[in-house]
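Quick one: the structure is below, questions incoming.
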Amino acid sequence: MFDWRWAFVWEILPRLFEATLNTLLASMLGYCIALVMGLIFTLLQRTRVKTLTIITRELVEFLRSTPLILQIFFVFYVGPQFGINLSPWAAGMIAIGLHYSAYLSEVYRGGLESVPKGQWEAATSLNLSTVKTYIRIILPQALPPSLSGMGNYLVGIFKDTPMLSVIGVAELMHTANAIGAESYRYLEPITLVGIIYLFISLPASYLIRVLERYVNQKMGLN
Amino acid sequence: MKDLEAYPLCLEGDNIPMVCFKNVTKRYGELTVLDKLNLEIDAGEMVTIIGPSGSGKTTVLRMLMTLEHIDGGVIYVNGEPLTHMEKNGVLVPANHRYIREKRGQIGMCFQHFNLFPHMTAIENCMEGLVHVLGLSKKQAKQRGEELLEMVGMLDKMDEHPSRLSGGQKQRVAIARALAMRPKVMLFDEVTSALDPEVIGEVTSVIKGLVDKHSLTMLMVTHQMGFAQQISDRVCFFYNGKIEEQGSPENLFSNPQRERTQQFLNAVNESI
Amino acid sequence: MSFIEFLQQYGPRFWDGTLVTLQQTVLAILLVLPLAFSFGIMKLSRYKSLRVISNIYIELFRGTSLLVQLYWMFFVLPLLGITLSSFTAGFLTLSLNIGSYGAELVRGAIQSVPQGQWEAAIALNMSSYKRMVRIILPQAVVIMLPAWGNLFIELLKGSALVALISVADLMFQAKQINGSTFLSAQTFGVALIIYYILARFIITPVMRQAEKFMSKKLGLNNV
């Protein structure tokens, strides 16, 4: 029944630790892609070119409404069908980056819309250019409300990395499965993986809340 | 817009008005807010607009500040068109670049202050100076301090707006707008969001401006006493048109039109 | 083969998979609502033990990923003596996972109901139960409805993962078909489009209707 072996735990911990680092790295890279693409999506939806706005809107909805795992498979398998061979890592990063850029673009949009209309009008009354208005007045005010969403999605990416295991990326979940298959013991690896995720995502969520409060204070928005 | 040919490319003559609305129309969907408005304001004049809500008074200011698009007619500032530009000898709707060039002559203060919350008072004043007029930070700070002193807010220059009272915020807003040295200053109900006891701070600043500088000013307000004190002319708006206008003495004590009388009665009753 | 031929040949399998996906989703939705409401209200309880239990549940299922939870249910639970069919493990885990987010949603919405409502109910000497059921919850439901729409879509997306514990849903079928035909673009493309249709053209409109219905019922027109 409940047959926990501590000796086995110490044995597999180093391997799990290395896989954790891989996972964190993958998360960070995917997040960076998402941060940038998300901003691009948001700004594209605010242009005056109607076709561009509509296409971007539909693309963002599509990415948000369909399963990430399916998108990962799509990117990984469709490439070779047309001659582009992507490594599991590259395919995984692209898929995660795109998927989360859709979420982040909604976060940015919410942040932008939360800036009071009067701020835009004050900038106009001082004759600030559009670029300067965005950079100096609007974006600094759009950032604090967006932070909690942005932070939550970083934690979300980290928790979604196990999906990459199905296309062979040697992250945490994949390693746990491999250990289980090799040693016929799944209990310890998978439980440890769950604990490791908790140990990282819970403090991360807490730190994000602290960061939010700090930024709000620093910008005099309290 | 086809009849734009009827409008001059620029105003000529010796005594051209600083601000000139010619047949200006503004619609929101089905609703016509300004109906072929003709209004002239001379350089250095202080004009107050009064009237019931929905009469179009705020719209006049907002259009002058290019916050709204024009649906008919032309607005001229200092003789040159603001809302339109010349192309091949005729007037066409102005593009963004042209509007930005002309817009610098106008400054505005808002009912809800619209100070930038992530900047201190002095930084609010410096923002336009550095990023639009291209002044150095040092020059901008100097001018900012001058203006904050003029409105009595120099001691609070390093405070964020969240730590200022309504009256203090509005005074900083006035300093910020004046720092840009506009030719025309617009005041859109700048005391309507203030507690009664601090209205005086703001009105005395505006009075100081009228007394000491020959700025062209256009003000929308509900403060009738104040309007009477400082205006050169008062316009009563009704349904998107000027119902009546004249010197404060004449308009307030001896209104010629019935609607003007009704409005003034209603206002007096509420005091 | 052309795309039409592809659809004709594999259409039935996509259909079978979609049915299983719908079953998983609907069963999970039926479970997730009582879970979310129970744990959400528990988190606001006077009794510390209830609050602690609720917190543990929420942090546990929110802090770990759905896939890890699925593997745990499927591989580890049998070792502890409980063996579930993969189908059951699927929607059960789905509802537990989404339930943790739902609990936070319920809690947040209840706390958003204006303080004055609680006070009025107390002034009328209502019991806690009546107060919650007749006054607070109806108003909380209107507040939380839009976010539930998003959660249901998350649920739909999460259901794709049950394919990895061998439940024969849409995702599973797509993988099988891809494995035998290697027509990845068509296979995964069709699957993506089906999920998109389910989310955007079924869940979203239904939720919007529900929002309108609740608003009208509570006399909150034009909100």
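Chains here go by letter, A, B and C, matching the order in which they are written, and residues are numbered from 1 within each.
Everything that follows uses one rule, which is that a residue touches a chain if its C-beta (ideal position, glycine included) is under 8 Å from a C-beta of that chain, and two chains touch if they have at least 3 such contacts.
Remember, predicted model here, so these are calculated numbers, not experimental data.
Asker: Which chains contact both chain A and chain C?
Answerer: none
Asker: Greatest Cα-centroid separation from chain A: which chain?
Answerer: Result for max centroid distance from chain A is chain B.
Asker: Please identify the chain lying most centrally, where each chain is represented by the average of its Cα atoms.
Answerer: A
Asker: Centroid from C-alpha atoms only, then distance chain A to chain C, rounded to Å. What do you get?
Answerer: 21
Asker: Taking each chain's centre as the mean of its CA atoms, how far is chain A from chain B in angstrom?
Answerer: Centre separation, chain A to chain B: 47 Å.
Asker: Express in whole angstrom the distance between the two chain centres, defined as the mean CA positions of chain B and chain C.
Answerer: Roughly 54 Å, centre to centre.
Asker: Counting only residues that touch at least two other chains, what does the list for chain C look like?
Answerer: If we look for residues of chain C contacting two or more partner chains, we find none.
Asker: Any idea which chain A residues touch chain C in the complex?
Answerer: The contact residues of chain A facing chain C are 1-3, 61-62, 64-71, 73-74, 77-78, 80-82, 159-163, 166, 173, 177, 180, 186-187, 190-191, 193-194, 197-198, 201-202, 205.
Asker: Which bits of chain B are touching chain A when the two form their complex?
Answerer: On the chain B side, the touching residues are 65-67, 100, 103-104, 106-108, 110, 112-120, 127-128, 131-132, 160-163, 176-177, 180.
Asker: For chain A, which residues are in contact with chain B within the complex?
Answerer: Chain A reaches chain B through residues 116, 118-119, 121-122, 124-129, 132, 136-137, 140-141, 219-222.
Asker: In the complex, go through chain C and note every residue touching chain A.
Answerer: Checking each residue of chain C against chain A gives 59-60, 63-65, 67-69, 71-72, 75-76, 79-81, 153, 156-161, 163-164, 171, 174-175, 178, 182-185, 188-189, 191-192, 195-196, 199-200.
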